[in-house]
Every structure is written in C-alpha cells, then in structure tokens.
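After this come two complexes, each holding chain A, first together with chain B and then together with chain C.
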Partner chain A sequence: MRLRLAVLLLLAFMTLPTVVVIAVSFNPTAILSFPPAGFSWRWYVNVLTYPQFQRAAWNSLVVTGGAVLLALPIGTLAALALERARLRGRALWAAALLSPLVVPGVAAGLGFLILAAALGLLRSRIVLVVAHVALVLPFVVRSVWVSVRNLDPALERAAASLGASPRRIFFRVTLPLLRPGLFAALLFAVVVSVNEFVVSLFISNRVTEILPVAMFNYVVNYTDPTIAALSSLFIAATFLVIWLADRFLDLGRVFLQH
Partner chain B sequence: MARPVVELRGCTREYGALRAVDALDLAVLEGEFLSLLGPSGCGKTTTLNLIAGFVEPTAGRILIDGEDVTGRPPHLRGLGVVFQSYALFPHLTVFENVAFGLRERRVPAGAIAQRVKEALALVRLEGRERQRPAQLSGGMQQRVALARALVYRPRVLLLDEPLAALDKRLREEMRDELRAIQRAVGITTVFVTHDQAEALGLSDRIAVMQGGRIEQLGVPREIYERPATRFVADFIGASTMLRGRAASGELVTVTGGVALRVAVGRVLKVGAEVELAIRPERVRLATAPGDNVVEAEIDALVYQGAQTELTAKLADGQRVRVFVTEPAPIPLAPGQRVRLHLPADAFMVIG
Partner chain C sequence: MKLLLLPAIAVLAVFAAALTALFRWSLLEFIPGSLVPGGYTLDNFRAVLAPQYLHAVRDTVILAALTTVLTLLASYPVAYALARTPSRAVRSTLLVLTLAPFFTGAIVRTYAWVLVLGNTVMTWPIPMLFTERGVLVGLVHFSMPTMILILAAALSHIDPAYERAAASLGARPARVFWRVTLPLSMPGIVSGGLIVFAWTLSAFPTPELLGGGKVKMIANVVKDLGLDSFNWPGSAAFAMLALALTLALLAAAGRFTGSRPA
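On to the complex of A and B.
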C-alpha cells in the first residue's frame, strides 16, 4: 500500500510539468497561467496558422528525414564493422562513434557553426542534416550493435553453403535479422532528432530553423499559450509514435531480449 | 576402387601459433560415409570448414572431383552443410528455409514447390511448410536442416555434429534415420563427431583425429579391433593399457612378473618393450586360477544397470578396467579380491 503510494507520487512528480503544459494550452486568455481560466482551442489554431511554425515544421521534416535516412545505413555498417571487422583499437572506434553523447551540445553547436561558416554553408539546411546525423548516430550504432551481437554467425555460413553470395546473404539473412535493432534505431533517431535544440540553435537561421528552435524564438518574443499548445502537440505526437512502435514492433522485445 | 570426391592434400590451418590442422591428407570416396572422430580441439571441425570453404588453408590444396577449389568461396562450392546449432533462418518458414538453396540457384517456382515437398517427405515433415523453425522441436529442426542441405542435390554432404544438441533417445533415432537417408540418396558424406558410438554405427570409414592429424583411417571394425596407436585404442572403447616385455613370440611379461599369453596374429620380438591394450568388455571374472588369469583388487565400481564398470588394481599397481555384465556372478564391492581372465585373443599390441 505504502509502496503503491510512493509509485503514484513519483508518477505525479514526473508527469506534472506535462500536465501543466497541456492544461495551460487550453487557456482562453493570452496569459501563461495555471490553473487555466476556461477552455479554448484558439492557441491550437494559432499554432497551425502561424507561418513561421509551418516553415519550421517543414524544416524539421526535411532535417529529421534526411538525418535518419543517412544515419541508419551508416550506423548499421558501423555496427557491423565494430563487431566483425578485423579492427585495431576496437574500443577506441566504439568510443569515437558514441562520443556525441558526452560532448556538451553547446560545444558541438559551436563547432558545427565554425565549420559551416568556413564552408559557407550557414544558409543551408545541409549543416543541420549533417549535425543531426552525428547526434543520432550513437543511438543508431548502439541499437543495431545489440542485434548484430545476437546474430548467430552459423546463419550466414549456412546461407553461404546454400549458394548465397555475400551480397545476397546480407539482404536475405543479415538485414532481416537485424530488423528489431533497426526499428529501435529508427525510433531513437527520430525522437532525438525531432527534439534536438541546442546544436540546431547555433546553426540555423529564420529560414532553416527547425521546430524546437522556432518555439524557442517564439517564447523569447511572445508569452501567450501558443507555445503550450505546440508543446502539447509535440507530446501527443511522440506518444503516438512510441505507442505505435510498441503496438506493432514489439518494443518490449527489442529492449528486453538481452 | 571408388574415386575420390573430396581430397585434401597437405592441408594446414593455423590460428596464430595454434596449428588446428596439420599437413592433413584425406580422400573422401564416392558415396561413402566418412566420419571425422576425435576429442574437441582435434581439428575435425576445422577440417570440415576447410572442405566447406568457411576457412582457407594456410598451406595445401583442396580438390572436389579433381578440381582445385582452394580459395573458392563457400557459395560456389555446391556443398550441403548441416550445423550443430541447426542454423535455420528464424525469419523464414520451413518451406522458405528448404527452398533457400533452390532460390539461389534460380530454380523456377513450380519446380521449387515440387522439390521442397519431396525433400520434406524424405525427412518425414510433410505439412509443416508454413511453420517457423521456432515452432518445431529440436529433432524436427534438425530434419529441416537436413532437407535444406539435400534439396539442391549437392555433391557432398557435410555434417557438423548434427546430433550433439539432441537428447539421448532422439539422438539414436536421428542416427538411424540419418543413415537411412544417406543410403537412399547415396550422397558422399563427411560427418564430424566426438561420439565414438555414432561414428562406429554410421560410418563406412572413420578417420580418428588428434592434434590436427589423422591417427588412423579405416573401417569401423578395424579401428575398434586393431587400433594403430595408443590414442586410438584409448579414445575408442576406453581400453586398458598394460606395459610389458616380450618373453617369447607370444608371451608377454607384465611388470610384476605375470606372464600373459597374447594372440595378435604376429610373433613378437623377444625382449622388446610391448604395450598391450585390452577392452574392458573383453575382461572376464574368473572363478579359478588358470592361463591368463591375474589376481586383482576392486578399486572402484559404478553400477549402470545393464553392467557394472569397475576398476581393478593388479599386484604391481597397474589398473584394469572391466565391464561386468549384470547380474554379476559374484557380489562386487570395493576392496574385494577378484580373479580376472584376460583372454589371449583379446589383446591388441600397440605400435
């Protein structure tokens, strides 16, 4: 009983900020106050009709889509290489691939900013895509690596003995068996990229900025519940993605199989 | 004489400082069932992997049907392999597992359906086409693996301890079935095992391996009855070894003074050091003194139902292993004195 209470309190503590944000988003007045004074959809309308948010949403789609599309194959090959290749200093390679996790966002952002300036790419979304690839790669490598480790090497030998060339083995055996890891990688990459803020802030401008950056800029200038509405949409979208993944991809298995 | 299908010529495989296979020469003949038998680490699996092309020899050549295939990748060798772990593709159905090799060979869909059906009938797994490997028992999975390796009619079938993962009952059942299928298909087969009973029961010929080399190559009866080396005598049938000196052409004095008559089909050189081996099941309990009867004291015994395995100590301290068929003629207990009859024709002279 007491344990149950403790769990409930912990849950309340963890979800409180979310609850507040969602509640405020329905506030009919233009003040960020809690509890809300009534109920209204007007800030949601504002979100969906505000041109800068529309542009940022499109940027987010392009940047995240591009980054994930690049990071998945790169990360998969990296994971395979880490496990299989005759590699000198394997631990060092692994550390390098996972390092973006421990580099502070400000440092990484500054680095990308200086590089982008030097290359004259500051007005382009390419820098954002490249930065996001680097930021999601650790998650992709990690997830796929777990699946690679679980791969029975006898399966690939069996495929070879049955007449499959290395290329055919990769597509008919290796890749299908890495599917749980690839799905987990995809999920992580999307969530990390969509929510990325610090690094993106350094290397975007009004034209290229992605949603989190646009939200920040909005908050700097206005203090109405629009931002709460957008945050709520963000939360709902993330929830939906995770729920779908759990429903159809058996997320529990991906994380618990090891 | 049947012609060789697989030939290894002076094959060596080194892993760093370790020489897993050492200048091995071996010819596998058309249609025969050849076993590579030995303890773990003897090089038998490496030899199989050399034939399959999973590892390349550091020296030597490998020939299939007289053609040099050294350096040719496994998918171009056209062999069938069955693995100890089954190695079925978990993401494919039984049908697709068996069809795998046919699809790689671009066999038309209609023919694939027909041949998969035949292969599954051969291993008595009709009606399981749509199931996943995980839904089948270990024995069934191994039969799928066998069907998968046979369906495209490979030149040679390589079996890597295919029965080791099965429990005892199933293993014996699968052993008989394996032999029947191999006979029916008539395929040249190389079988890797550490189990001497399997090797003796299945093989046309056995190559006993140790330290990356073949200790002895011969038909099962020859291997069992005339082991060429001490290792073979000991590994197959767990023989007792006795050291002695030839007192005459057919008399050996074992240390301790006991003279044993031996009938090994040849005359021993008088005065030569001789090593004798005798199978535990050939030693008998004797009721009275006589020729080739020695006194001994029971050291240890293990009751096994059909027989009791005991170790008896001779006067000079050498130990003899004896299998006594149950029910034993006399009660057996540690410390008890017994007489052992070592028949002259049961001895094997090593070396």
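On to the complex of A and C.
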C-alpha cells in the first residue's frame, strides 16, 4: 500500500511538467498563469505563423530526413557485418560503433564546430546531417542487430537451395525478416534526431537551426507561452509515437530484457 | 561481409576527426579577438584550475552526486512496480509514463520546469528558478527515466523464487526486501548510478535554462567560452575534461556490470 502511494506520487512528479505545459499553452494572456484564466488558441497560431519556427521546421525536416535515410542503410549493413562477418575483435567493433552515445554533447558539438570551420562548412546544413547520422547510428545498429541475431539462417539457406540469387534472398527473405528491428531503428533514429539539441546548437546559425535550437533561442529571449504551445505539439507527437510503438513492438521486451 | 562495415566506419572516422580537432585545439594558445590560435600550450588546462572555473567544476561534481542519490531513491519504487506488477495494463501504463519524458526532447522537458519552478503553478516559499535547488530538481527529473529502465531490467532478472524462499522461511516482507531483493539488484544500482552520474557531469540544457546564467556546470562553461567568447581553445579544454570524466565513469560502470554501458 505504501509502495503504491509512493509510486503514484513519483509518477505525479514525473508527469507534472507535462500537464503544466499543456495547461499554460491555452492561456489567453502573455503573462503566464496557472490554472489558465481562460482558453485560447493564440499561442498555437503564433507557433504556426512565426517565420523563424517555419524555417526551423523545414530545417528539422531536411536534417532528420537526410540523417535517417543515411543512417538506416549504413547501420543495417553494419549490424549484418557485426553478426555474420568473420571479424576479429567483434566486441571492439561493436563498442566503437556505439561510442558516439557516450560522448558528451558539448564535446561532440564543439568538435564538429571546429571541424566545420576548418572545412568552410559553417553555413551549411551538411554538417548537421553528418553529425546527426553519427548520433543516431548507435541506435540503428543496436535495434537491427537484435533482429539479425534472431534471424534463422536456415531460412536464407532454404531460399538459396530453391535457386534464389543472393540479391533476391536479401530483398525477399532477409530484409522482410528484419522488419521489427528496422521499424524500431527508424523510430529511435527519428526521435533522437528530431529532439537533438546540444550538438546542433554548436553547429547551426539562425539560417540552419533546427526546431529545438530555435525553441531554446526563443525561451532565452521571450517569456510568452508560445513555447508551451510548441512543446504541447511535441508532447502530442511523442505520445502518438509511443502508442504506435507499443502496438507494433512489445516495448516491455525491447526495454526490460537485454 | 566485412565490407558492409565500411560506410559505418566512414561515419565513425568523421566523428573521430571532430574529437581529434577538439583535442588539438585544447592544446592551442588562445589569442583574444582572433579565431586563429597560436602555438601549442597547456595554458587552457591551467585555466580550468582558476578560481572562477574551479567553482563550476566543484558545483558540477556536487550536483551530479546529489542528482545520482536522489534519482536512485525516486526511481527504485517505480522500477520495482514496473518489474513486479502482474497486470499487463499497469505495466504498459507505467512504461508509457516512464518513456514519455525519455522520448520528449530536452528543451521541452526543461522549459516545462521553467514554468513549474518559476512560480507559475504555485508560489514557492523559497526561490527555485535560477538556483542550484531548481537545477537539481530538473536534473533528477531528467535522469529518472534512464534510471527506472536500468533498475527495472535488473529487478526483472531476479528470480522471484529467492524472495518466495525467504518468505516461506518466515522473513517478513521488509526483511525479504532488505536482505534479498536489494542486494540482488545491486548491479543495476551501481551501473545506473554511474551512468546517471556520468551523464549529469556533462548536463547542458537543464543548468542552462533552469540556472539562468547563475548556476554554471562544466558544459555551460564550454558553451560560454566557445559560443559567446569565441575562445575555442579554452572551451575545448573544458570539453576534454567533460569527455575524460564521462569515459572514466562509464568504463567503471562497464567493469561493475561486465556489460555494455546504457
């Protein structure tokens, strides 16, 4: 009983900020108040009509789209090699591929900034795409690797013995069987890239900045609830993604039994 | 088959090049007013020990330690419930509520705390926003999902037969918990603690927004020097410090659990 009460209180602590953000986003006045003094969509209108957010949303689409399209095939091939190639030091390769995960964002961000400056690429979104590929790759490799490990090679041998070419086996047998891993990889890659902030802050400017960076700059400069409205849109999208993931993947299996 | 690794190695090479550039610049002399550095020097690392910056390093370590302890205490009950509930619906709900902040970006989560701590919801008896207390609350909230997942994984690996055996021998539930469950979940506590400590050492958005320039952790100094003062060499030295601390701690976490970090 006491445990149940403690868990409820802790869950309330965890969800409190989300509830407050959503409530504040409908506040009719620019001065923040809770509970809201009325109901208004004006901050949502503000989000959709603020030119800098429109530009940042487009940048996010380009950067995340580009990074995910590159990271998915790169990570899938790497996962196949990690499981199946005759590789010396397999554990070391795996650790190397997952290593960007453990590098502090400010270190990676400043490193990419210095590198981009040396290459004269500071005004370009290419640096952002490359950095995002490196940051989401560990998630892709891990997700796909789990699926490769569960894949029974007998199925591919059966296809080969029935006369299928290696290319046909890959596209008709291997890839379809990897679908759960690929779906999880896609989900993680999109979520990580869309929300990436620290590294992106270092390597973007007003023209190339993605949404989280634009939101940060807005929070630093203004205090009205516009960011609450944009945050609420992010939260709604997040719940939709988790709900989808829970329907199509068993989240408990993904997260609790490694 | 080995060739399939090549594209991934190319990506890693770019990442390594960025970190190498960072390391090289941390050893170059900063010339104020110029983006072109001078020759090799250790001055940037000596600057880390200057009083104003040493203060930030000390604050960082204290905040990270407090965050780790509070996160452990706050996460354990939720992780326990998550690992042990017989109901699939409860498990699903707990998991979604745990994962939601995990999937929500740092800015969204931190901004939410700006609202809560900034006397929007309620008036706090003591100032919270732009104080170390406020930053601590934000850091604990930020670390909880990670800790809950690590602890729940550790707890779900414990065979309930041990607890049943202790209970059947007459141990009361509290004794079963302290003498059986808690010791068996130690690997999760140690690796979760080290991972949260390491991550908090390089926390950036939380102290940046909730500290409002009054609370400086290592990552905030990196940003101030690198993006505001254009002192890339000095900034790089602090970034190298954050990197070294994080890697050392994660290596320790890996040694304790004998497995991969995170």
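Observations on the model:
The working rule: the second predicted complex is superposed on the first by the 235 of 258 C-alpha atoms of A that agree within 3 Å, B and C clash if a C-alpha of one lies under 4 Å from a C-alpha of the other, contacts with A are read in each partner's own complex, and residues count from 1 in each chain.
We adopt the following convention: a contact is a pair of C-beta atoms (placed from the backbone, for glycine too) under 8 Å apart; a residue touches a chain by one contact, two chains touch by 3 or more.
Computed from a prediction, not measured in an experiment: that's the story for all the values here.
With chain A as the common reference, the superposed partners chain B and chain C fit together side by side.
Within the superposed three-chain model, A:176 lies in touch with chain B and out of touch with chain C [touch as defined at top].
Note on the composite model: angle chain B-chain A-chain C, taken at the C-alpha centres, equals 100°, rounded to the nearest 10.
Once the two complexes are laid over each other on the shared chain, residue contacts for A:134 go to chain C alone; chain B is not touched.
In the superposition on chain A, contact is made by A:100 with chain C only, not with chain B.
Applying the stated contact rule after C-alpha superposition, one finds that A:168 touches chain B and leaves chain C untouched.
Counted by residues of chain A touched, the larger count belongs to C, out of chain B and chain C.
Of the two partner chains, chain C is the only one touched by A:81; chain B is not.
Contact with chain B, but none with chain C, is seen for A:160 once the two complexes are overlaid on the shared chain. When the shared chain is aligned, chain C comes close enough to touch A:212, but chain B does not. Of the two partner chains, chain B is the only one touched by A:152; chain C is not. Taking every C-alpha atom of chain B against every C-alpha atom of chain C, the smallest gap after superposition is 16 Å. No residue of chain A touches both chain B in one complex and chain C in the other.
In the complex of the two chains, the chain C residues touching chain A come out as 1-5, 7-8, 11-12, 14-15, 17-22, 25, 35, 74-75, 77-78, 80-83, 91-92, 94-101, 103-109, 111-116, 118, 120-122, 141, 144-145, 149, 152-153, 156, 198, 201-202, 204-205, 209, 218-219, 222-223, 226-227, 232, 235-236, 238-240, 242-243, 246-247, 250, 260-262. Here chain A touches chain B in the complex through residues 152, 154-155, 157-166, 168-169, 172-173, 176-177, 179, going by the rule given at the top.
If you check the complex, the residues on chain A that touch chain C are 3-4, 6-7, 10-11, 13-18, 20-21, 24, 32-34, 73-75, 77-78, 80-82, 84-87, 93-108, 110-115, 117-118, 130-131, 133-134, 137, 141, 191, 194-198, 201-202, 212, 215-216, 219-220, 227-228, 231, 234-235, 238-239, 241-243, 246, 251-252, 255-258.
Residue ranges on chain B touching chain A, taken from their complex, read 52-54, 73-81, 83, 85, 87-91, 100-101, 104-105, 148-149, 152, 158.
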